[in-house]
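Listed next: structures, encoded as structure tokens.
You will see chain A twice below: alongside chain B first, and alongside chain C after that.
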Partner chain A sequence: MSYRSLCIAMVILFLSGCVDKSIIDDINIQSAVAIDQIEGDPEKIKGMILIQNYLPDQAVENIRFTSTGKIRRDLLLNIQKKSSQPIVVGGLMVTIFGDKISDYGIAEYVDVYMRESSVGTRNYLATSKSSAIGILAGEYGPRGNATYLRNLIEHNIEHRDVPKTNLHIFLRDYYSRGKDPYLPEINGVSKDEVEISGISLFKGDKEIDVLPKNKMFYFKLLVDNYSNGNFLVTLDKHKTAMVKSIKSKRKIKISKDHPNKVTFEIHINGVVTEYTGGKVTEKVSKEIEKELEKKVNDECMKLLTQFQEQQIDPIGIGLAYKANIRGTAKKGKNWIGEEYPTLSFDVKTKIDIRESGVIE
Partner chain B sequence: MKKKRNNEQETKEAKDEWEGEFIKSKDYTITNYRNQKSHLQFHLTFMSTLVDEQILQQSALPYLLEGDLQTIEDVKELIPLADVDVSNDKTKIEQNLMNGYVMITLENQKDQFAFIGSQKEISRGLTTPEIEFSVIGPKEAFVESIGQNLNLIRKRLPVKELIIEEITLGSLSKTRIAMLYMDGITNEENVNTVRQRLKNVEFDAITDSSYIVQLIADNSNSPFPQLLDSERPDRVAGTLAEGKIAIVVDGSPHVLITPTTLIEFFSSFEDYFLNWILSSFFRLIRVGAVLFSLLITPIYVAVLSYHYELIPIDLLGTLVASRRQIPLPPILEALFLELTIELLREAGARLPTKVGQTIGIVGGIVIGTASVEAGLTSNILLIIVALAALASFTTPVYKMGNTIRFLRFPFLLFAELWGLLGIVYAFCILITHLIRLTSLGRPFLEPLYPPRITDLKDSFIRLPFKFQSKRPLFLRTKKQERYNEKKAKAKIGIDIDE
Partner chain C sequence: MPEQPIADKFKISPFLVLYMIMSMQIGIGVLGYQRIIVAEAKNDAWISVLVAGFALQFILWMIYKINETVNGDIVTAHIYVAGNFVGKLLSSIFIIYYFILSLTVQRSYLEVIQVWMFPKMSIFWYTLAYMILCIYIIYGGFRTVVGIAFFGLVLPSYLFPIFGFSLSLGEVNHLLPIFEQSIKDILLGAYKMSLTFIGFEVVLFFYPFIKEPKKSKKWAHLGLLLTTLIYTCIMIITITYFSMDLLAKSIWASLSMWKIVNFPFVERFEYIGIATWSLVILPNICIALWISSRLMKRIFNLQQKKGVIFIAMATLFAINFFPTRVEVNLLNNLTAKAGFVFTFIYIPLLFIAVMIAKKVKKT
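Entry: the complex of A and B
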């Protein structure tokens, strides 16, 4: 007994010296990373690491380190040589991939996050319209660039029309058979302004298209089970209504008898927030509902056929197919190439307008 | 003084008969008197420091002098006091004399003695409880006299089932110790265990009930108190009715209650005076406060030294900014503040009350702000440590509060050595220890382990009295029912109009 307790005490005391410490004020916590491809050399990358330096008066200073390298770790090694304190990766909020590199394929750069246990869901991945380093080089807001970009993506996911995305969702989509990943695309408008300019659609790990801003809401309706967003309906020349969706539900239905037909059932509860035609009567609201349903059906159909032509499946029809039809997931079966193009789609939208404002 | 005649010769003879040790003490007194009717000479032997002379002179001497005193048996009839005993057992002499009895010996019957109980009862008056103060409810607290303490309990349970057993312990202190239990309710085995453990106590001077706690506890190497001590007669009476055993020690204002569970140390008796919703809420707050007090500083040290990625992003800036100027690593910073708080507490406890207040202000405000301004500690840690100290003071039982404050230090050490893993490890050790701990052989962690769902009714929460019709399961009482549940249902008002 005493021998055993002595052993335990020795292990606890002496082995604790081997534990790697990272005291919070003696490390530089990476908060954002931007990776670009060097022009003309697909093997070499140029990266920028952003560190938020918290000043005593609660202000945040952006510290940037730039370097080149071959793989992501290589980049970090080169940057460590420039930093006064060890740079750690666990506090990462945003990773931005430049346009060239997302065309080339981002899987090998995401790989490092898969292996690093300290990087979690708080890390958002995004692509950029032009140079990724250019975005981090700007100055946005008093709370630091990384926090700004993270909040930009986060609030657009939670309250607006960017579909839910983070590292885990990206990896799941990338590795699962029957779904292709997508990421928000960020565009640096000027030195102190950025915007979400669309959704990058991937085939495998290569970006093949960008969905424009005005189609993002319909995309979110198809992809996410819950969405929140605004859309405009024009009834006639002078009557325009703005409808805010407060709750939406989507179902993918595949009948076993007609496995080639995929039906999307979308149910939206909305509120009229603006209407230029005066009082919203029962009749008007019915009209708005009808018009909206038509619009959603059309837009969603357009998206679905577009994806079908591009042979990508960001919505996860493959997953739904796998769940419903036996044998879809068989090995060696090229579902995307063989069966996906033959599918026909149907979108059934139901919109309930629950409220039309309090002005009577 | 009345007819007090000192006959030196006779005094010497009498003294020789009893142990010679007595004579060395100044308070050993022998007086000689002669009865007026039978002219029989008799001696009174007593310790003047223990005897109430008023009783002696008013209720004993006049009768002995004027009554018809022939044999020693007459003393019993003559003296109008209840505590009069006649014996020929010489071994009783020392003990009785030391307990404040007056010994009467007759000239013609030297082998027989009568003892009159005329103890001087010096005790302070009843005061309000100071440690277990409650705003609502009775304000009486135990005092240092066993007689008065027993009276306070008996008053609250005026039934014949309340049994008081007495035993004298301590080879020097001869402390009177009373064991109280409810006959027909309390588990026989528990009573026997307590009786046996008390009998086995070998110690010279027992001056307080805390001695008994340490002498009869199941595991004396545990930092956890295994017997609950209370200064509230209402709490003791309440727990006796539940089927527990109380131990009253003469000279101690704290009465011990056993067997207990860990949860009981976090329940204040005031919980029973408040509505069940409120008291459940307060209990949960107290349990939360204990966990907070135990873990928050270690977590701070662990997270800041090892797990920066766990810090919420919005908090990161605040934490880094507050630590930027601090030259000490988190562990030294935390130890510095924790020890400061402990020093303040110790100083506050040792100093007279009025000076103590000043120390509190000086320590709390001046040292705290000064060490932050000097850059020795971060202001966030100052808040955390102060809150943790505050939380540890919410435990209603003072001894448990001490335990909680002590346990923070091993946790801090493990947090520094192994980070969160170390805290988990320390917690495992703590839980293992608690699971193994027993109070009178009954599991200390009940109702959590072993799980007894019915006993949860009065643990983290306190359900209303209508759900409390059964006594706690772990006490294994002889009578499970506290009251008839069916009869208790009637809650009908009388219609005033009829």
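Entry: the complex of A and C
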């Protein structure tokens, strides 16, 4: 009896496993997406989907599908009609939004990423300086465009000046009441070269400004709790030092007695990687430290006042404020309009130069 | 009719009560309870979880008191308080309660599969397969059910550290300031925890099966404490990971958190998680079915083997009436309310009744 019921159980278990199959050789996995707005019509978008085709000799071929549509799904539908195999979204690495569309607002295009269960939240969103499709149209490296772009963003986050970002962080900030989102901006320099050209700052889902490259490091210092990156300091005409920060910490302090004063405490541990003035003595390194501290203070202050004027809060001061001052959350959304402009900032930087390379 | 004593070979060791309680509690609720609690208690939701957890310790103490006084399960307690007929009538409500509970778990899990993995998954065939598995387990007797409870907790336990991935993106400021919300909101949050916490009251039903029940007490309380701590941890991680408005949109916050996990050998971890979860809910359904059929045996003298098949068939039939999210949600809310009434209102009332009956019978 029990043997027979076991048999029946097995048969039904295996039978009920018959759902839609997706065999990896028989599907096209979209790995990068670029979306542009067609000029003059905010309702119409043009998109490109990039599929990486892994060839037998380990090379990767970029296959591109372009189409127009009204919403992103529509786009995908039109593209499906061109593809010989079903296109699935599970392996998405990078999505690039064109300049016009990020000015117009990207929320409705991001919606699909929240709704669709098969999209991971570790993939990257980026904006582009000009046309997004233009970026995907190039050929970068032997491992395929999508992998190239993903690695470009990834290593710049881990070791260089791009603050931490991915789909989850964008969504979290977009739906946060105390922080505005930001995205890296990518620029296609030539047919086979791309660069990260700045940080797009958003108000809601609209891009309102782009931070230039040389301010990215300071922005990262302010945004991320821990970060590393490079910065250049000029002592005088002939003496320029390049300092690599290996470890930095940031704290936002708001005291309950003076809720209008926000103090940023930044602590950087760095090494001198290049110096044009000869020997790095203790005196010189003290000098570099001082000069750097001044520079970081100035640049960060500039950024903070700029954000304040633009009424955006990519750093998350609103969050810190809410966390330190009780009852802020209950006042609701108008924090940025009423209290944010009245805040005054102070940046206190401390820099420790640990080493100056293997020579003296 | 006096209760037949349970033979020693059918009884379980006291420490196994811990696995019974924990595996019955940890079920479908864990995948998405955060949103519901946070809607009430905002960033203090984790306090709600703690409050609910500690309140339940007290209820658990009552359950043991009831069982010890009447030296039997809930049916004995009912008969002790209200006499044979009314007692059995009261007990038969719980046949339906556990039937609905197993239905809720089964349907909610199927919904997760349909939304996250296979939209075309057939409700009927999947349930049929699952029910046959459950019947097979219950045919093995109570000890087999306990064994499944043990494995249903130990084997999937590797899922818990996975939540650590989300910590790296956590923002502590989301938690602060602590105690920002009013006591009322925190208590409302604790009330909403009921669906996630219910399950520990199964002790009421299998008490006669415990060897040296006195020794099992500490294990029961420990099990409840562990579940509370696990829920609190997950809650804290969730609050730091999401911003409030994003969390309000995430129906299955725990699954959404697994989306960030990335191993070199697996691109999307939530598929592994969901598949493993079928092992987590297996003891849920098995224990619920076992209790239903056991109650049938106690009340109607129906053979347990027949009772299980009857309940399983009823589940198979009823599950087709919940085709969309709206109905599933309705079912979930109903079960949560029933669970709350049972644990926080009915058990204390029964406790008082038993205590009074004891006094009356003594004099």
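Just a few scattered comments:
In this text, the second predicted complex is superposed on the first by the 340 of 360 C-alpha atoms of A that agree within 3 Å, B and C clash if a C-alpha of one lies under 4 Å from a C-alpha of the other, contacts with A are read in each partner's own complex, and residues count from 1 in each chain.
In this section, a contact is a pair of C-beta atoms (placed from the backbone, for glycine too) under 8 Å apart; a residue touches a chain by one contact, two chains touch by 3 or more.
Just so it is clear, the model here is predicted, and its values are computed rather than measured.
In the superposed pair of complexes, A:Leu6 makes contact with chain C only, with no contact to chain B.
More chain A residues lie in contact with C than with the other chain of the pair chain B and chain C. Contacts of A:Ser176 after superposition on the shared chain: chain C is touched, whereas chain B is not. Within the superposed three-chain model, A:Thr147 lies in touch with chain B and out of touch with chain C [touch as defined at top]. Of the two partner chains placed by superposition, chain B and chain C are both touched by A:Arg122. Of the two partner chains placed by the overlay, only chain C lies in contact with A:His168; chain B stays clear of it. In the superposition on chain A, A:Met114 makes contact with chain C only, not with chain B. Contacts of chain A with chain B, set against its contacts with chain C after fitting on chain A, overlap at residues 12-13, 16, 19, 90-91, 118-120, 122. Those residues of chain A that touch chain B in the complex are listed here as 12-13, 16, 19, 21-25, 27, 29, 52, 54-58, 60, 88, 90-91, 93, 118-120, 122, 143, 147, 150.
Residues 42-43, 115-122, 125-126, 128-129, 132-133, 135-136, 139, 169, 171-177, 180, 241-246, 249, 256, 259-260, 262, 267-268, 270 of chain C are the ones that touch chain A when the two sit in their complex. Considering their complex, residues 2, 5-6, 8-9, 12-13, 15-16, 19-20, 90-91, 114, 117-122, 164, 166, 168-169, 171-179, 316, 319-320, 322-324, 326-327, 329 of chain A touch chain C. Considering their complex, residues 303-306, 308-309, 311, 313, 316-321, 323-326, 329-330, 414, 417-419, 422, 425 of chain B touch chain A.
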